[in-house]
Amino acid sequence: MTERAQRITKTSAFVVILLLVLALPWILRGTVKAAPYWTHVFVLIGVFTLMTSSMRAIFRTGEVSLGTAGFMLVGGYAAAILSIRLGLSPWLTMLLGGLLSAAIGGLLAYPFFRVKGVYFSITTLLLGFVFLYLAGWMDWLTGGWQGLQFFNITPELTIGSLNVAFTTKTNIEYYYLVVVVVGICLFVLYRMERSRVGLVWKSISEADHLAQSVGVNVMGHKIFVFTVACFFTGLAGGLYAFHVHALSPTSTPANVFHFFTSVYCLMYMVVGGVNSFYGPLVGTTLFMLLREWGRSVSEYWPLVMGSILILIVFFMPKGLVGLPGYSRIWYEKLRGFLRRRALSSE
Amino acid sequence: MALLEVRGLTKIFGGLTAVGDLSFDVNEGEIVGIIGPNGAGKSTVFNMVCGTLKPTAGTIKFRGKNITGLAPHKIAKKGIARVFQGNVLFPASTVLDNVVMGAHLHTQLDLFGFLFGGRRARRKEEAVRARAMEILELVGLADDADTLASDLPHGNQRHLCLAVALAVEPKLLLLDEPVTGMNAEEVSEMLDLIRMLREKTGLTLIVIEHNMKAVMGLCDRIVVISYGVKIAEGLPQEIANNPAVIEAYLGVEDDAA
Amino acid sequence: MDITAQDAVQSIINGLCMGGTYVLIGLGLTLILGIMNILQFAHGEVYMVGAFIVYLLCVLNGVNLYLAVVISMIATAVLGLILERVFLRPLKGVFLSYVCVTTGLSLILQTAVMLVFSKGVKQLPSLWGGSFSVGGMFISRERVVAIVIALLLTLALYSFLKWTRYGLAMTASAQHREGALMQGINPNLMSALVVAIGSGLAAVGGALGGSIFNLDPYMGGLAFMKGVTLIVIGGLGSIPGAVVGGLFLGVAESLLALFFGSQMGIILPLVLVIIFLLFRPKGLFGHD
Amino acid sequence: MKKRSLAILLALMLVLGLGSVWMVACGEDEETTTTAAPTTTAGPTTTGGGPQTTAAPTTATTAAGETKELVIGGIAFLTGPGAAGGMAAKTGWELAAAKINDAGGLKIGNDTYMVKLLVEDDAMSVDQASTAAQKLIQQDGATFIMGPLVDAFKNVIYPICAQNGVMLADVDTKNASAAIKYEGNTDVSPDRPLHARFHWANDEMMPYLFDYLQENYPDAKKIAVCGVTEACTVALYDWLGTTLPARGLERVGALEQMAPDTADYVPPVTRLLSAKPDAILVAVSTPQTWGQVTKAARDLGFNGPVMCSTHMGVEFALMIAEGAKDVFGAGIAMADLAGLPPAMQEAHEAYVAKGYPAQDEIADVYLVGYNGLWVLLQAIEKAQSVDPQEVYDFYQTLTNPGDLQTLWGDGAYVGGLQSTGVNAVLCEPYWINGVGADGVQKNLKQVFIDVP
């Protein structure tokens, strides 16, 4: 295929997917019985895609952050508390939640990046727990383990005479909100990765000492990417908060702010394909849909999840994104095998 | 004024003196060799010059400015590049990308440029790539521009390391054991390359090397250290006949061989 | 509220006991981290499996508790060997793959145990029921037994590492992997050995934890977190570090909980550890 | 891909996205009329406020003697730690549904309704609770939702139920009734139509526990209070500050809150005992708290009574605190089944027949679940309607003793007129179980929980 043809295929695929994403609520309305419910599921998928992609941005510099859920908690709680106590507009508080998360991430990034690899993962993991316990402990601010509820607070948008409330009645408005916000964030991440900044990240993950010796401010870049990722994660938290309208730090592994959410994001990332920008998108969408379809066997879900993860690591290191490539290899292998058998039987 | 002035450089690791009160100068255009037995502290000296390690005491001046204890990337910006011991590369990147990364300081990173990369930024990027190709031609790797760095044969990887460092466009280049693990033919090829570079670009070089023969043939001046202390300095012939040096080397010749 | 000095001393003793179980899980984690450079996310689940094997033998089949602990230790060591051979060894050193495979394993083990033993909270018989009083302090007998067992095992491990050929090789590998390779130490053998030993110790920790507190398929997560915290305090791959770190963590939690309430007993050690990490990233006994 | 094309696509995306929002906003009015409602198999009609989505019309008048399905949804935590409780509640619901279905279903008018029970997992997470509720209501057509077992999640589910005209039935113990004011209290109130409570709350149970304490441990005057870290625990503690002195008892020491993930209960119990209490009250308990507190207290040499106001079989506490004595609380001791009402014995036979052990630590939870669904089905049958609003309205008229039957005994009715302002709280008999000085687990006393 020529380069031009390749580009055309890619662009058209992108456009088709984009149109699908935009038309989704209307498709759902026409096809399934419980459209608001499925729209709600896709809203959650959008939020988690943003978290997974942010995690992957940090991973581009070679470090695995396991504090994703913690920063989501910071963003979500900050947005909710500011809206509840100070009556600020959800639009503003979502942004402020992201900024607070970014500020905390940026401040902690320097000490955290002084350690590398396993140590960095451990530190972020512990930080996630600190946030979780703090949210439970500071009950005068966060409502404690009981959590916060704020059903009366809904983002609203007024353009001229038109007033749109992003309610959970049909979830459609909120879906488009998530599509737009997550779309912009993903676009920023995409542009970063494909630009020189992305090349620098890659160089840091491959050989940080060498990168440093050719003049790359390794620490600066790591702090930058961590801060940006924390901002997006916090923003995801805000989006989550105003969709579910309740936050609870219940300390069980299933809770959304628990460390396991970070692990699940890691899984979505790896299963989708860690080397591709589209990996987190594919991984998150497929897995969360799978989980929703498999509700009736939800107690077996962690087992399925773990098994798929291990199988993917062992047999498809490029993740699901690499599936076309694998299928060709597997097909070739099968053909070779069949031919050999045919030859031996003759 | 010397290009690099090292005065009283000392590094102590938990009570153990790795480098003690080391002083030497490097003049513009020179090739200086630093030799010494295993564990003499040669790499520690490099690490301190490059900023990877902070000296316990002493100063390092580069072009008259104090650079002691600066962060590595700032030192690189001042014009000191380094080739690491072993083949330290960006293994999963192409040969060309390796050199492009080396030219990092000569590219522009603006905060919003990456969002809507304009024509100007693209033109700049193309210029960097063209320059990288030139450097690859210089070290003889132009044909392998699109191969992955990790797929190159050992000798070529060493050349690529050199190319990456050259892309920084340094005033001073530090080479950590550039010919270790090479056969005689590759060694002479590498030495020719280094000499050629100096003639073409007027680079100043400091070389750490085990291979005495290579150092003798290459360097203008040699500093010998043993257990972190300078025991001799001078022209190659003087060093070769210095009894202290011979003793220091003979003492470890057994396990080196 | 008046907390007497007696309460504090009592708390320290209880903290040491908690620390003992932490040490047992932390030793395995830190050795695996030091020698294989893996954070074994499934180690908490190995701890849990060890406890459930004791439950299976002792409560469901009436085997003597102490015998059951020994059998569980061996069985879990074998489980460790299998995990190492099948899942960890084939992944040659890719950090992300290790994280994924071990977290995957932890999910699988959790769910498998939950499906086999059902979800309810369970309890192992007490190691030695009741408590005795010394100078007005009440000290629970089973906690004393737990400290003694933890210390004995730590000593045994220490002498193994200090006096035997394999032990010395293991210490060498933990301190300097490349150097050990050059000395002709078989890294695969070392990995297998260290996972087996670590898993066995974790199983005993699980049994102690399960009889003092209670058992459930999700208990490994918390234990893992404690183990991770203590290796940050003690330093990567360091055995004295793990012991000191574990006991320190146990006592700190206990005392902080006594003076500031049980919430602070959980949060403050974590905050302290993060601050600690900023000033001493290599831990108390860590090395470069 | 070209950079510019991406920028254009982004702009396109923005425009389309905003456009779609606009379309939604404009199309809102006509949508409600044209969209097919999520047709539930039961076909209830909603009288609840506003243009709602549930509006399907097959009413009971169509044909005589039809057999239909009544979909009832349950939400509980089925995964993760503590899943045992959720699973037990699910089992109880299943047994109650099976009992009604085996007896031929509910006879409403000329129709027979078979109960179709669907239980979803809330995974202890607010978004999953919300997802579960939306699925049950919209996809499966549930018109009554039971659960979830955690108070905080009821707040998440209630708006979804109210929006869709679905009745939310609290079948589990409440941590605190509406009489206890604190932020986030989810108890029934006039502000929460379509929300009914089918079981007692901890503070409604406590007076009977104190009665028992004063009868059997007359010397125990000073009571230390602890519980899990929750807003309601603090509120209950404050409430006890005035309630206890009125009975001649004294609340001593500070409230001791046990954070989730607490491994060692000795430090908090040491603090608790430093006030030198005669008795300990576990005001709000997780499955472990009661047992762990008892064990720690006994290890620390405390010999006074330890009581718990959350419903729980004493087996559960004794499993952790082996051999402890003088422990009692609200719940049923399965070891002492003989003296219990026939309805409960029958339920337990069905439970054992399903393969569960006769002496199960979590048997109490399934009984509570069973009881809740049974009462709900009684209310539906008495109301002679499957419409949530009608059932809810009728339920509030069942105020005569004996209007409803429960597993713990007869004479139950709907009360709570004074405390909540609506008659949506069930008053029922219950039991105090525990271990006395003789060390035998038994059902100590039957009480009748009467909400004023």
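Letters A, B, C and D mark the chains in the order given here, with residues in each chain numbered from 1 onward.
Just so it is clear, a residue touches a chain if its C-beta (ideal position, glycine included) is under 8 Å from a C-beta of that chain, and two chains touch if they have at least 3 such contacts.
The shown structure was predicted, so the numbers you read here are calculated from the model rather than taken from an experiment.
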* To do: From the Cα centroids, identify the chain that ends up most central relative to all protein Cα atoms.
  => A
* To do: Give the label of the chain whose average Cα location is farthest from that of chain A.
  => B
* Higher C-beta contact count, A-C or A-B? -> A-C
* Structure fact -> dist(centroid_CA(chain B), centroid_CA(chain C)) in Å evaluates to 46
* chain A to chain C: how many Å between their CA centres? -> 32
* Structure fact -> chain B to chain D, mean C-alpha position gap in Å, rounds to 72
* Asked: Could you state the distance in Å from the CA-based centre of chain A to that of chain B?
  -> 42
* Asked: For chain C, what residues touch not just one other chain but two or more?
  -> 114, 218, 263, 266
* Asked: Among the residues of chain D, which ones contact at least 2 other chains?
  -> 3, 80-81, 83, 229, 259, 261
* Asked: Going by the touch rule set out above, which residues of chain B reach two or more other chains?
  -> 116-117
* **chain C-facing residues of chain A, complex** => 59, 64, 111, 114-115, 117-119, 121-123, 125-127, 129-130, 133-134, 136-137, 252-253, 259, 263, 266-267, 270, 274, 299-300, 302-303, 305-307, 309-310, 312-314, 317
* Along chain D, where are the residues that touch chain C in the complex? -> 80-81, 83-84, 87, 229, 253-254, 256-259, 261-268, 270-271, 274-275, 287-288, 291-292, 298-301, 316, 319-320, 322-323, 360-362
* Residue ranges of chain A in contact with chain B within the complex -> 188, 191-192, 195-197, 199-200, 202-203, 206-207, 209-219
* If you look only at chain A, which of its residues touch chain D in the complex? -> 7, 10-11, 14-15, 18, 22, 25, 29, 32-37, 40-41, 44, 133, 136-137, 139, 143-149, 151, 157, 162-164, 168-170, 172-173, 176-177, 179-180, 183-184, 187, 190-191, 240, 243-248, 250-256, 292, 295, 298-299, 301-302
* Asked: In the complex of these two chains, what residues of chain C are touching chain A?
  -> 33, 37-39, 87, 90-91, 95-97, 99-101, 103-108, 110-112, 114-115, 218, 221, 225, 228-229, 231-232, 236, 263-264, 266-267, 270-271, 273-274, 277-278, 281
